[in-house]
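Please find one structure pasted underneath; my questions will follow.
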Amino acid sequence: MNKYRPIEGMTVPRFADIATFFRLPIEKDPEKVDIGIIGVPWDAGTTNRAGARHGPREVRNASSLVRLYHPVSLKSPYDVKKVADLGDCPVNPADLQDTLKKIQIYYENIVKKNTLPISIGGDHLVSLPILRALGKNKPLAMFLFDSHTDTWDTYFGGFKYTHGTPFRRAIEENLIDPKKIVMLGIRGALYDPKDLDWAKEQGITIITIDEYQKMGLKETTQMINNIIGDSETYLTFDIDGIDPTFAPGTGTPEVGGFTVRESQNILRELNSINFIGADLVEVSPPFDLNNQTSLIAANIAFEILCLISKV
Amino acid sequence: MNKYRPIEGMTVPRFADIATFFRLPIEKDPEKVDIGIIGVPWDAGTTNRAGARHGPREVRNASSLVRLYHPVSLKSPYDVKKVADLGDCPVNPADLQDTLKKIQIYYENIVKKNTLPISIGGDHLVSLPILRALGKNKPLAMFLFDSHTDTWDTYFGGFKYTHGTPFRRAIEENLIDPKKIVMLGIRGALYDPKDLDWAKEQGITIITIDEYQKMGLKETTQMINNIIGDSETYLTFDIDGIDPTFAPGTGTPEVGGFTVRESQNILRELNSINFIGADLVEVSPPFDLNNQTSLIAANIAFEILCLISKV
Amino acid sequence: MNKYRPIEGMTVPRFADIATFFRLPIEKDPEKVDIGIIGVPWDAGTTNRAGARHGPREVRNASSLVRLYHPVSLKSPYDVKKVADLGDCPVNPADLQDTLKKIQIYYENIVKKNTLPISIGGDHLVSLPILRALGKNKPLAMFLFDSHTDTWDTYFGGFKYTHGTPFRRAIEENLIDPKKIVMLGIRGALYDPKDLDWAKEQGITIITIDEYQKMGLKETTQMINNIIGDSETYLTFDIDGIDPTFAPGTGTPEVGGFTVRESQNILRELNSINFIGADLVEVSPPFDLNNQTSLIAANIAFEILCLISKV
Amino acid sequence: MNKYRPIEGMTVPRFADIATFFRLPIEKDPEKVDIGIIGVPWDAGTTNRAGARHGPREVRNASSLVRLYHPVSLKSPYDVKKVADLGDCPVNPADLQDTLKKIQIYYENIVKKNTLPISIGGDHLVSLPILRALGKNKPLAMFLFDSHTDTWDTYFGGFKYTHGTPFRRAIEENLIDPKKIVMLGIRGALYDPKDLDWAKEQGITIITIDEYQKMGLKETTQMINNIIGDSETYLTFDIDGIDPTFAPGTGTPEVGGFTVRESQNILRELNSINFIGADLVEVSPPFDLNNQTSLIAANIAFEILCLISKV
Amino acid sequence: MNKYRPIEGMTVPRFADIATFFRLPIEKDPEKVDIGIIGVPWDAGTTNRAGARHGPREVRNASSLVRLYHPVSLKSPYDVKKVADLGDCPVNPADLQDTLKKIQIYYENIVKKNTLPISIGGDHLVSLPILRALGKNKPLAMFLFDSHTDTWDTYFGGFKYTHGTPFRRAIEENLIDPKKIVMLGIRGALYDPKDLDWAKEQGITIITIDEYQKMGLKETTQMINNIIGDSETYLTFDIDGIDPTFAPGTGTPEVGGFTVRESQNILRELNSINFIGADLVEVSPPFDLNNQTSLIAANIAFEILCLISKV
Amino acid sequence: MNKYRPIEGMTVPRFADIATFFRLPIEKDPEKVDIGIIGVPWDAGTTNRAGARHGPREVRNASSLVRLYHPVSLKSPYDVKKVADLGDCPVNPADLQDTLKKIQIYYENIVKKNTLPISIGGDHLVSLPILRALGKNKPLAMFLFDSHTDTWDTYFGGFKYTHGTPFRRAIEENLIDPKKIVMLGIRGALYDPKDLDWAKEQGITIITIDEYQKMGLKETTQMINNIIGDSETYLTFDIDGIDPTFAPGTGTPEVGGFTVRESQNILRELNSINFIGADLVEVSPPFDLNNQTSLIAANIAFEILCLISKV
């Protein structure tokens, strides 16, 4: 039997033993597994409140509560895939460019081993070096769940690398194909009325929270599925897409967001997309309450794991 | 005038005086009242995070904020029933079987005095000894509001009594009639794809949160009313049926649950059912924030009190 | 260019510098601006949990996160109005009547200078002296967003001035016109089945949360717009109208309230009303979690600023 | 056997049952007991952060953890005195003068019944009406444990009644004898270099925290005992005398205060004083952490109970 | 080079990677190491507030902050011993006797492999089955740092196994030698004036906190060293020996305890004792603040590791 | 009269109005004042837990509670110096070197205007660019209150600028004179037994917490005064020198530190030193409890202000 499965909660209580993602085995060699879950504990791209560096550890902790079978499909990723906790990607909290390189190198190895990565951030800038590894040969389609588009050009007088800029850089570097990008959940007051114009000009489809409210679940997810089609797709889930009352542990909270049920329902409608990698970012434990954001993140990560496992 | 009424908030401020349920008089003799509210401060059946032993005290504290008349019916239970705080049922935190006996004996006396009990837990295992007293002569119908069915067989190598097993035991002991049981709000990943099969085979009606979302309030509550009809019915409300963002103070949080408004609306549609007892369980103050779970519990307990009082 | 604008977050990080409302300039002379945002740090009218005296400071703090352009209209109040932080209104925490006078005098000067005031409370009793200044010459129409009507007569044996009585006093003093008052979101158990009768007899339109659920957004806001028409209108927003899970930092929480998205949607439908002043009250930081209530309040205050600026 | 004893923790677990002071019986008639413990849930005299109105309830809650015998003397007050929880004194949160009267009347009855009162506040202004009852016939000696002398004259332009003024009023009203007053623990920056002059001119002995550090426990308590001698003495313990790291739940925290061990040691050296009443004030649960201030207060109250019981 | 060393914080940031005790390797085979650190996540012996089941995980988390060399000796246990995280001992949260057996069996294997165990609890009852393994052949000397002696006979009507009884049982079972037991830090009100008599009659040396204050560090630790001499000794450190302001995360807080500096100083004076095993118990994360108790526990565990390593 | 004084708390309540340092006027021109208090909201040099970027705002907030006259000297800095809140120094959260430059330029202007700066950080790396401005012409003497020496060479593979390295850089750049540096309070386990060797070789006097315990207050402060003499001296106070139970809001907590009273006493003995600038760093509000660290920081900052004002 596949040894890359979680410890069973009916044998070892959920609060017991060392916390790994979903209580999975630790496996340092990505080649041995189909899907690797990776922590990326780094937040030096954050422009407001830092803390996402502590995200991977607390999501590991909370993920002990997630069981093995999806409650709607009644299927389990662990029945069809070998999945392990690969540990944390190397980072340097004191040097941004050094970290971007370290992350990229780490993921190039993951790609080489044909392992599908699910990354737990870390701030949203970590998506850029991951995409440099995954989208190197051919630009990917992408689904972004977020309250911000993260396509600003520069901050604080010309600085190009922050958690508000990764997808502008990724498009400039041809890692993702703007025509096949959908950004869902965008909201909150703007710096400038033209904040979204650049993204739209590239061909990105932006669905604000207000537009979502008008279209509803079915129409919205139909639109996402249509745009992305069967392309190889990257899924990037910023926890701040969820309302900060539900997910307070994040650096740039925007009130009026998705409920957890809406978020789960949206992801479940995307199960025909060909996801080849994913990240879940911006979980910031210092601002969390009772670890509730980490618990939500762990449950969302399980939905993502099911999507990537196609169960 | 009925002396078994709350102290009025317009005379004594809500933060003042000793905290009893709804600011009701303390009455040790159940015979003197129609409805008794009882604390059951015990959580040794808990498999994950303990703390529900502290539930009764904090629900008492929060219940000071609940006024006397229902906002929709404009009626008050205190105009038609004598209601008191009966104090806490005896328990033994260090011996599970001793506690099951102590609770059963306590409730057998309640039954003998024809007092309708509303119990504030404690973990969900407390429902079992209560049902042993209330369902002794004839199996009851039951409505369970919960995220779990609590019908697992055993835990940790054959152990039969935990807060995950009470209703399996109660059915085996013929205390409740599975054909007249509805379980609403079930959700969360499963240990096994067959987790719900035993319950369904007994004839229990399970309505998952996903099925609720599809059916909506009216269709769901119609189904519950149809199944239960005019049977003598036990109401058991696990606070973890409500979304953990709303009610974080609980031991086994499952994200993506009911909002408080949905919960209130569901209960209000069940006002033709013949409830002869109820419990509200799994409020765990050590994991609560700002006592918000206790405040919700107090408001739900008031809805239940109105249901049992038929106002 | 208009100097009464916020510091830009792309230049000075949001966590930097002294916290003023929306990072606006401090301006002690109301005459210099079109709209003045004013703190009223006082809560001696509170009958349950005090703490709203700390509201203005924490709303200032949280408001640093609000940017300049409305996400739906893509317009900014700062492009059409001069707006400043006028500091705090004088109060006396140790003498209620002295404070009512101090507030009234302060706002009479605001009225004289033709400055439109947005006040951040403070408990709901602060609305009374503000209305004594704004409604002196002609009774105003009023929209109240709240879980309580605040029209009780007296408390604790005849005392007429608490945060539960301001609108009864304001009607008695002919400062507001009951026929043009709408109160939205009323809920929670009552002291007496006749609690709402006096208000209804005066001609006030009360829409409970239950009625809102039945009517929905469009019908409800249509009704509000119809009743108020083009009258000069005061907007008073009690943060406890929002569900306490979203906005826990308040003194008299009533479970089962509006979500933030509902609240935003309601306000946005009222953009044809002629608002000539507004307050946002009952934010109580000692009971807040993670400043989430203050953040919601800051975002609601921005919606109100847009309404008053007509952008 | 004396029925006015706590419920035993070896029978009923400490977290169980309704929270009364030290798990004592509730007794509404003061005549039946030797010592009555009374809540005074009122804080309208507070000039900075309110919240002490919630003190009595949380001290009751925490006091469940205090057992029956003093750890040094190995004696118990319950072996020599009848002690009960008398409930809360009537107050009016909306009218200061009305409350001062209500408290005075309540305590005049206590005095008439020859019951020794231990009062749990509430803010420090509650000492004034209590002293009006206890010191009516003859001015009392007094020991104040506090970080402030609470002898300011007026606040906010002439207002004479706040929690910063009670002992100035009490001396003016001849309720306490300044020559027999010791104030211990005074510290923190001052409004004016002459802040302490008035008190000293009356003959009050002020021992600042710095002076305490120099003199040490023995010399300090010797001085207190010498000054007070065998006079009938009132003990007033402001929880803010203890360092706010230990006791954060208070309205006017002054850093650099006594540890709990120092506080216990000081009280234990005063066991020859003839205390005829006491209060413990300024416990403010909204600013507490983990109820640690309430737990300290409960333990200090037990020391005081032992002092008054002379065990 | 010894591979059983922590990951270096100068290479991998302290917040990164999976949390093990002191960032040590996970090693399931005790034979491979000299000293094994073991979690015992179980608290069913708790009579008041549960939660110590979560202790091992949070102490692991906090221990990332502890570096490698002792600040006074400038030596490191990792230079002289092979040390690893052995994971958690098996437990059964739903059956006390089953757990006592599981723990004993686990430690019998540890003893057989000649590995010195440092156990992180869990409540204090876990010391009993550990001593059943370690003291089987010859009763051990013991140093207890605690606010309670944990030598009560029974609870709740005759129940013999709780966290208040382990050392009574251990003496009855001849696992420890009462003449060579020192209990330090005992304090808090008592159930009965004779609470300590049984222990003293067995020959146990009890040093209360008051006695410690009189004797001081040197005299106290000299006494401990004299009594224990060169016997094989078990060290059991109950975190509630430390003052609950410093270490609030525990189930039975007793105010007025040791500071952390006192605690460190005491342990450092015991470095000539022949410790052959140790536990650190009663860390209860649900009652902790900011993980400060876990951080203290991690630092105390490092002192213990240095004692056992004789560095 | 000097207008650069705090608003008086007897007129405007302490919770009222916009939060500036000590309620001082905001003054953007340093030339107008003798002493300027400056926020430096930046923490990108942090190697463990970030958050000190939020320090200045919360210290401003807490400083409202500090009155005007020193409790021991009975003197006030505001009677002898013009003091103002200069606002925050410019920073760039996304570029470390750019920030070092921005800070240096800002302080060069302060020096040019002969204003004495008291800086509220920010992490400890901010001391470096400040010293580049203050120590440019002649190396300064320095007193460091801290649990770490912050003289490591590099982190994470050669990176030279973090909050663990500022004083190594400052000595290399000849900004401070190692012979006239005293570092007090050093403690905590070490990365390497030689961690302190470099500093000692330069001639720095290091007084560990253990050495302080042995020497006591008088001997320690005598040593500091002797070493520093009458040199122009920089005072740098890392809040983590204080025990983390007292001051939990910091990034690298080391248990077993100074109490607040010890810290105050130490500073008060240094009042003959010629301080020409100071900073207080590492206050990290996301990890604070109840703002207690900010309150301590505000009180320490007042002590520092008195030292620099020579009152």
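Every chain is named by a letter (A, B, C, D, E and F) in the order it is written, and numbering of its residues begins at 1.
Everything below uses one rule, namely that a contact is a pair of C-beta atoms (placed from the backbone, for glycine too) under 8 Å apart; a residue touches a chain by one contact, two chains touch by 3 or more.
On a predicted model such as this, the values are computed, not experimentally measured, just so you know.
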Give me the chains shared as neighbours by chain C and chain F.
-> A, D
Trace the shortest sequence of touching chains from chain B to chain E and report its length in steps.
-> 1
How much rotation, in degrees rounded to the nearest 5, is required to superimpose chain B onto chain C on the basis of Cα coordinates?
-> 120
From the C-alpha centre of chain A to that of chain E, how far is it in Å?
-> 41
Express in whole angstrom the distance between the two chain centres, defined as the mean CA positions of chain C and chain E.
-> 55
Could you give the separation in Å between the centres of chain A and chain C, each centre being the mean of its C-alpha atoms?
-> 38
For chain B, what residues touch not just one other chain but two or more?
-> 13, 15, 47, 49, 53-54, 93, 155-157, 245, 287, 289
What chain-chain pairs meet the touch criterion?
-> A-B, A-C, A-E, A-F, B-C, B-D, B-E, C-D, C-F, D-E, D-F, E-F
Once bound in the complex, which stretches of chain A touch chain B?
-> 8-11, 13-15, 65-72, 74-76, 245-246, 260-261, 264-265, 289-290, 292, 295-296, 299, 302
Going by the contact rule at the top, pick out the chain E residues touching chain A in the complex.
-> 12-13, 15-20, 26, 39, 41, 53-54, 56-57, 60-61, 85, 87-88, 90-91, 93
Would you tell me which residues of chain E are touching chain D in their complex?
-> 47-49, 155-157, 186-193, 195, 208-210, 213, 243-245, 248, 252-253, 255-257, 287, 289
Listed in rising order, the residues of chain B that touch chain E in the complex are 43-47, 49-51, 53-54, 92-96, 98, 155-157, 159, 161-162, 286-287
